[in-house]
Structure formats: structure tokens, C-alpha cells
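You will see two complexes here that share chain A, one where it goes with chain B and one where it goes with chain C.
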Partner chain A sequence: MTLFEQINYLISNYGSYFIKGLMATLVLAIVGTLVGLFLGIFFALLRNLSLDEHDNRLQRILKIIGKIVATVHIEIWRGIPMMVQAMLVFFGGAAIGISWARLGFSDFFNGYMICGLFVITVNTSAYMAEIVRSGMNGVDKGQMEAARSLGMSYMQTIWHVIIPQALKNSLPTIGNEFIVNIKDSSVLNVIGLTELYASVSAATNRNYFQIAGYIIVALIYLVLTLCTSLLIRWLSKSKKNKISNPFTLKHDNLTQGESNNAL
Partner chain B sequence: MPSNNSIIKVENLAKSFDGATEVLKDISFEIFKGDVIAIIGPSGSGKSTLLRCINQLEMPTKGTISFHGKNINQLNLNNYRSHVGMVFQSFNLFNNKSVLDNCVLPQRTVLKRKKKEAITIAQQNLSLVGMSDRMYYKPENISGGQKQRVAIARALCMKPEVLLFDEPTSALDPEMTASVLDVMKKLANQGMTMAVVTHEMQFARAVANKLIFMDGGYILAADTPEKVFTACKDERVNNFLHQKYENKD
Partner chain C sequence: MNKAKLILCSALMVGLVTPLSSCNSSSSLAIVHFEQSILGETQKDLSVSIGVQKDSELTDSLNSVLADISADTRNTLMTEATERATALEQVQGDSSETVLTEAPYDETKETLIVGMEANYAPFNWTETSPSSYTYPLYDKTGEYADGYDVQIAKMCAENLDYNLVIKKYTWEALIPALNSGEINMIIAGMTDTPERRLSIDFTNPYYTSELVLIVSADSDLAEMTDLNDLNGRKVVSQIQTVTDDVIEEVLVPEYGAIHESALKTFSACATAVQTGVADAMTAEYPVAVSIVNGTTN
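Now for the complex of A and B:
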């Protein structure tokens, strides 16, 4: 069989393996990135806590503890390869009595998947924390001062003014993290999770068409990452002036285009 | 006209940064209802720091600030700030919000106004500063003078008892400066209590009822503009005013 025929053979006979692997990879990357971003915002806020002259003693102690917790979390999860983290969480968890298999609730969301989701999410949260923190620090100091001078609390200011701008600034880097997750989720096969990369072994263990199998997944990875890049580029452009938040009002009688033209 | 109704009283205020650089030294003055106080002086004299201390963006090292006779340290900080509006040199409009949203957000979050009411109040104040036709624009799409007028409207939406202006026209060209000063004059005529750090001597002389001259962290003169401009005996004050007028000419 030529290489092309091998590829054809694998797609015809083992297409469902690749689709299942693709689904697993997408779920890992999407959930890992979104939940990781949410957790990352939390850890970024903790790590960005600074002592204020208005703080009382208890507030100062809590802030210092929060900062230490965030710093330790970020440094540990960024400092160890995800493959090692996956092994430690999966087998280490089992050693201390966490039964990942029991946490699974369906054929797709089995114990391996739950453990994989946990690892990729927490790992991503550490990177996201630094991405969001850098985005927050890039927001002009005057934004915080203006909001506080109007009587808005620190958290109101963070939620309504700083975070939307920080996310907007960080959108390309957040998109990049999603691409990294699409690719790096492949290391989770070490705990027995059958994602896209691992689907090659499952599809080729009887026919030995490994090269053809890896060409197929390489193309799928490439298509996924290219599409994500294009999506991020489009989002960065189209959302330039439209970061959503609970207080954004509908522009009934003037579109952004008109407003730009009017000037 | 000012009455005896004191809103803010500053007593023996001092502020130093890093325990070394003393920016304010023993500052005392009072803001009464209806006052328009112009605070002038050379750069680095502590004018902006004084306003920032009043709004608690900086914590004074010594001295007290009272709001209606109560030490502000005993008041809820956010509540106090909502009564003392501040307008910045660099406008500081929320970049992720439209002009209208800039005015609505603080009302909703701080004063807990209903959305409809907040929008109505925002529209009224934007109309007052001549910005009702730019309500749906983002700050990046309006000019500096327009941004400053929106910043004033945003502060007015909180119905503050005092408005603090920190060099509101320093970043603007003469035409835009005039548009912002017009709005400030309008507010002064409506009886708004204001403290304005400014280099606009004409404005200080024409609109303010009290003029404070600061240098080196001290108040060197505090009187009516006419008296400071014409009858002040302090040499540094006279030199400064003389230079300012010469430069204008």
C-alpha cells in the first residue's frame, strides 16, 4: 500500500477513533482554557494584592496570605512539566485514596478524562494568572484612581473596569494558551487518556500504519491551531471596541462604524 | 455666594512620601458651600497632592480633614468619595465603556440607582456639558476636550457636594481648554462648590471667589483673587503671578 492508500484505509476503517480522539482533545483544550482562565483571574487578583494605607491589621494579614498562596500555586504548576504533573496527580491521587475511576460518570467522561481535565485546568490557571496579571498591570493607573475617586469599591473597579481591559489586552496571549493546550493535551496520554495523539496507537496497533496515522493527526492539529489563530485574530479586531460587560448598553441609534465616520 | 456652611475643613495637613520628601507642610483651609477655590502655584508645590489627600487617593501623614464637621477617617470611604467628585488632568474615562456607560456605571455600582434613572441622569449631565450627541462613542473616538467634559458629567452624575479639579485643562490645546472652562464657569454660576488646581490665571481671577497660592508645600496666600493679584506682599507670589501674566502676553 502506498502512503496515500494507508491514510485512506485508516480514515475509512478507523475514522471514529480519530473523531473520538479529536473530541477528547477539544474538550480538554476548551474546558482547560476557559476554566483555567476563570481560575487564573482569581489567582491573578490574589497575587496582585497590595497593602493599602487604609487596610486594618486583619486585612493586611489576609492579603499577605492570599499573595503567598497565589505565588506558590503559580510557581509550582508552571515549574513542573504537565506530563509529570499528570503522573503525580493520577497515581499520587490513587495513593492517597482518590479513585479517579469513580469520579467518571460516562464512557467519554471516564476517570482518565476527569483527571486529565483537572490537570490541564489547574496547569493552565497558573499560566493564565500571569497573563491576566500582566494585562491588569498594563491598564493605566488612572482607571483605578478615577473609579475609586467616584466611590466604587476595589472589587467593583476590578470587575467592571480593570478586568475587561486586561482581558482585551491579553486576548492574543489567551488565544495562544488555547493553541498550546490543543497541542499539550497530547501528553495526557501518559495516564491512559485516549485523546487525539493516543488515537493513532489505537488505530494502528494492528496494521502498523503509524506514519499514515501521525500524518492524519498532524493535519488535524494543524487545522485546529490555524483555525484558532484566525478566530483570535478576527476576535481581536472585531472586539476592539466591544468588550462585553453587564453594563454595556445597546447602541440603538449609532453604530460604531457611524461613530468612526463621524469624526 | 459662600455661606457659613462648611463642607470640607483641612487642618494642619502634612504629607510626605517615603518618609522623606515632604510635599505638604501644615496646610489649613476650609471649603464652604458655593465656594469656587482656585489653587495656584508653581509645579511641584503640592497642589495636586492636596486634592488627592482630600479625595483620599493619598493618605495624609499628619493633620485632619473633616467633612461636615466629621473626621473623614471615621466615615465610610466610598460613601465619602461619592460626595467629593474629582476630575483629573488625564481625564481617566473608563476606556472599555461608552461615554454614556462611563456616567451610568458609578451611579449603578455606588448609588445603586435603577438603570433607567441612571441613564436619565447621565443624559441630563451629558447634555449640560454639551456631549449628548456623543453618548454612544468610546473614549478613544472623542477629543481631549470632549473627554474632559464627559469626565465632568460623570462626576456630576453622583450629585457631589464638592468637585475637585486637578489641572483639568493642562493637557488640552487652547480651543479645547476654552470649551472645558466654559463648562466650569457654567457650573460655578449654578452654585457648584469647586476646588480647582489650575494654571489658568484668567479663569482663577474671573470665576474663583477664593484663591490659594501654594509653594514648597505651604500656603503662601489665601484670599480673594483681587487681593492676591493686586495687594499680596509675598515676593514669591508676586513673582509667580508677574511671570504668568508676562508669558500670557
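Now for the complex of A and C:
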């Protein structure tokens, strides 16, 4: 058989494996990136907490604990390869009594998938925390001071002024993280999760058309990542036009609110 | 700008795929037999056993089941499994036999959870559709395990009156899975070694095979008569296997072979020999037969 015939043979006989693998990879990447982003914002806020002279003792202690928790979380999950994390979480978890297999609730979301989602989400959250944090630090200090002097509280300023700009600035990096997740979800095959990469070994396990199999998944991965790049580029363009300067928006709202109060 | 990039990308892809497809990637393979006496010195026979947890109560009952399976039955099972593994279309088998699309579960019985790679034909491999030989894989819709190990697992469950569950794990994850209690036993063509016995126990062997070399049929190694011909040649096998240990412990020190770093699966090793990345690979005889026959398709 020539390579083209082999590719043809694999697609016609094992096409369902590749589609199932593709679905698993997509779900892992999308859920991992989105939930990871939300968790990441949370950890970024925790790590960016600064002590204020008006804080009482309890607030100080809580802030310090939060900062330590965030720092430890980020450093641990960023510093260990995801493959090692997956092995530790899945089998280590089973050894101390967390049965991932029992947490599965459907054919698709089986125990391996739940564990895989957990690992990729928490792993991404550590990277996202640092991405969001650097985005927040990139927002000019004057914006915080201006917002506070206009009477916005610290949390209001963070949510309405700092975070939107931080996210907008780091949109390309977040998109990059999504592309990384599409590719890195392949290491989760060590815990028995059949994603796109693992579908090759399932499809070629008795015909040995390995090169043909890997060409097929390489093309699928390439299409996925190219589409993502285009989507991100389009998104960051349209975002640029929509939110020109969130601070002026909030400023208008505030002055309007105040005048309403005055009436 | 974007169009130019797209054209460049497609040109690159075409440039990459065309040379690959023009060369016929499936160069055929051949088996070279070792002399039995050479293997004797390694004190490692290639018999495969069922792995169980340390001090498991299963060991004795499994041994009695295995004792009842005669050598003839074993050989027949292996021959049939090899034939099914090397057929291009899936062998459906006797239509009168039941075809399991879902693993049967009886609440009154205890459950035996077996782990295997499902990627080591003819011992165990994965099929896309069920037949009278296959058993559904746990949590993998549309994937069915077949092979010698699956038939042995079925016999064990039947004779001991247990429910049978077969889970698919990568080779390196099998022992961690057994020790963490995710599975009760490993039936995966695994050889009983002192190193593995440090963490798990084994039953008596359920199949004994011979170690052979697989080489490219066009290579001069196909005609080799003496293991000294391996001097300076690259030999490969799957990671954490006895066939890989043999390279390190015998072929390298005694015959001057070069130990290529071990690969994840035997399929990858076969590809390595086919593409010339390695000159030879070590394998158990039934595996070698299914690789050599499978790659000539």
C-alpha cells in the first residue's frame, strides 16, 4: 500500500476514532482555557493583593494567606510538566481514595475525561494567572488612582477598569494559551484518555500504518490551530474598535450617576 | 498578505507529503530467530504471566484456572489470535456465538477488573466493531479488545464466576494502575521479572514464547547467521519491557549492538525498523509474526 492508500484505509476504517479523539481534544482545550481563565483571574487578583495602611490585623493576615496560596499554586502548577501532574493526580488520587473512574457520568465524560479536564484546567489557571497579572501590571497606575479619586471602590476599579484592559491587552497571549492547550492535551493519553494523539495508536495497533496515522492527526491539529489563530486575530481587531477606552466609558457613567443623585 | 501565507502553507504541506508518499513506506520486514542457548544465559525466559497485587488472594485461584488450560489450547488460541490480528478486514468469527456490545454485569457477582494495553497484537489489540472474540473496553464507546489476553481474561472470569471489566492503559501506567487499585490484575503479555516483583506479584506463566529479531527484509541482517553480525547495528524495543532489557544486558555487551532509546509502543518500533531509524528490533515470536504479516498488507 502506498501512503495515500494507507491514509485512505485509516480514514475509512477508523474515521470514528479520529472524530472522537478530535472531540475530546476540543473539549479539553476549550473547557481548560475558559475555566482556566476564570480561575486565573481569581489567582491573579489574590497574588496582586497589596497591604493597605487602613487594613486591620485580620484583613492583613487574610491578604498574606491569599498571596501565599496564590503564589504556591502558580509556582507548583507551572513548574511541573502536565504529563507528571496527570499521572500524580490520577493514580496518586486513586491511591489516596479519590476514584476518578466513579466521577464519570456519561460515555464521553468518563472518569479519564473528568480527571483530564481537572488537570488541564488547573494547569492552565496557573499560566493564565501570570498572563492576567502581567496584563494588570501593564495598565497605567494613574488609572487606578483616577478611578479611586472619583469614588470607585478598589474592587469596582479592578472589575470595571483594570481587568477589561488587562484582558484586552493579553488577548493574543490567551489565544496562544488555547493553541498550547490544543496541542498539550495530547500528553493526557498517559492516564488512558483517548484524545486525538492517542487515537492514532488505537487506529494503527494492528495495521502498523503509523506514519499515515500521524500525518492525519498532524493535519487535523494544524487546521485547528490555524483556525484559532485566525479567530484570535479577528477578535483582537474587533475588540480594538469596540472598546476604545473603558475608562472614559466608566467616567461618563459615574458623572451621570452623580448628577442623578444630585437631582 | 493572508492569502500569500495560505498559499505558502499549502505549498509547504504538499512539499512535505509528496516525497513521503512517493516512497513506499511499507518496506517489508523479516523475522530472524535467536539461538535458544543464547537466551538461556540471560536467565530470562519469555513466558508471560498475570500480574496481581502483592499478596493478592487471586493468585492461587488464577493459578488453578491457568493449570486447566492445556498447552494445545494455548497454541490454538495464539494461532487464531495471530490470524485475526494480521487480517486486513476484521474476522467476525462464528455467527452462532454471542457478540457482546456491552460488558455484562451481574449484581450478585464480584467484579474482576483487568488492565491491558490493547496495543500489543496478537496478545491484545483494539477493534472498532464487536465480534464473537472481542470484549467491550471499559469507558471507551466503540472500542473492543481482542487478542490472546482477552480470551484468557474471559476464561478466568468465567471459571472463577466473576463479572469481567477490561480497562485500557498505556504500558507504563499498568503497574501504577494495579497498585492504586484501579485494576485487579494485568493480563498484557507481561513477563514475570524480579524488578517487577518488587512492586507486584505474578501468577504462573500463561504463555511461553521465544525471543526473535525483526529486521528489514532488504537488509543484509535478514540473512544473518551469527549474532556477531549485530556489531555496530542499532536495535530498538518498547520501553520497560524484557525485550528491551535483553538489548541492554546481552546484545550490547556481548555482541556490540547499539541500544536505540526505547519507544512507547511496539507499533512505533516496527515503524522505526521500516523507516531505517533502527536496524533491528527485539520481540516475542507471536508479536513478531503479527508485525511482519501486518506490515506486508
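We take it that the second predicted complex is superposed on the first by the 241 of 263 C-alpha atoms of A that agree within 3 Å, B and C clash if a C-alpha of one lies under 4 Å from a C-alpha of the other, contacts with A are read in each partner's own complex, and residues count from 1 in each chain.
Just so we're on the same page, contacts are C-beta pairs under 8 Å (C-beta built on N, C-alpha and C of every residue); 3 or more make two chains touch, one makes a residue touch a chain.
The structure presented is a predicted model; accordingly, all values stated were derived computationally and were not measured.
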**Report entry** Touching partner for A:F4 - first (chain B), second (chain C), both, neither
**Finding:** second
Requested in this report: Based on the superposed arrangement, let me know which partner A:G151 touches: chain B (first), chain C (second), both, or neither?
Outcome: first
Query raised in the report: Of the partners chain B and chain C, which touch A:G104 in the superposed model: first, second, both, neither?
Result: second
Query raised in the report: If you stack the two complexes on chain A, which partner ends up touching A:K183: first (chain B), second (chain C), both, or neither?
Result: neither
Report task. With the two complexes superposed on chain A, say which partner A:K67 touches: chain B (first), chain C (second), both, or neither. Result -> neither
Report summary line: Shared chain A footprint, chain B vs chain C, residue numbers none
**Report entry** Residue ranges of chain C in contact with chain A within the complex
**Finding:** 9, 13, 17, 20-21, 24-26, 85-86, 88, 118-121, 125-126, 128, 139-143, 167-170, 172-173, 176-177, 179-182, 265, 267-268, 270-271, 274-275, 290-291, 294-295, 297
Report summary line: Per the touch rule, the chain A residues reaching chain C in their complex are 1-4, 6, 13-14, 16-17, 20, 87, 91-92, 94-95, 101, 104, 107-108, 110-112, 189-192, 194, 201-202, 204-208, 210-212, 215, 219, 222, 226
Query - Parts of chain B lying in touch with chain A, wherever the complex brings them together - result: 55-57, 59, 77-82, 85-86, 88, 90-98, 100-101, 104-106, 108-110, 119, 136-138, 140-142, 151, 154-155, 158
**Report entry** For the chain A and chain B complex, residues of the former touching the latter
**Finding:** 53-54, 140, 142-143, 145-153, 156, 160-161, 164-165, 168, 241, 243, 245, 247-249, 251, 253-254, 256, 259-260, 263
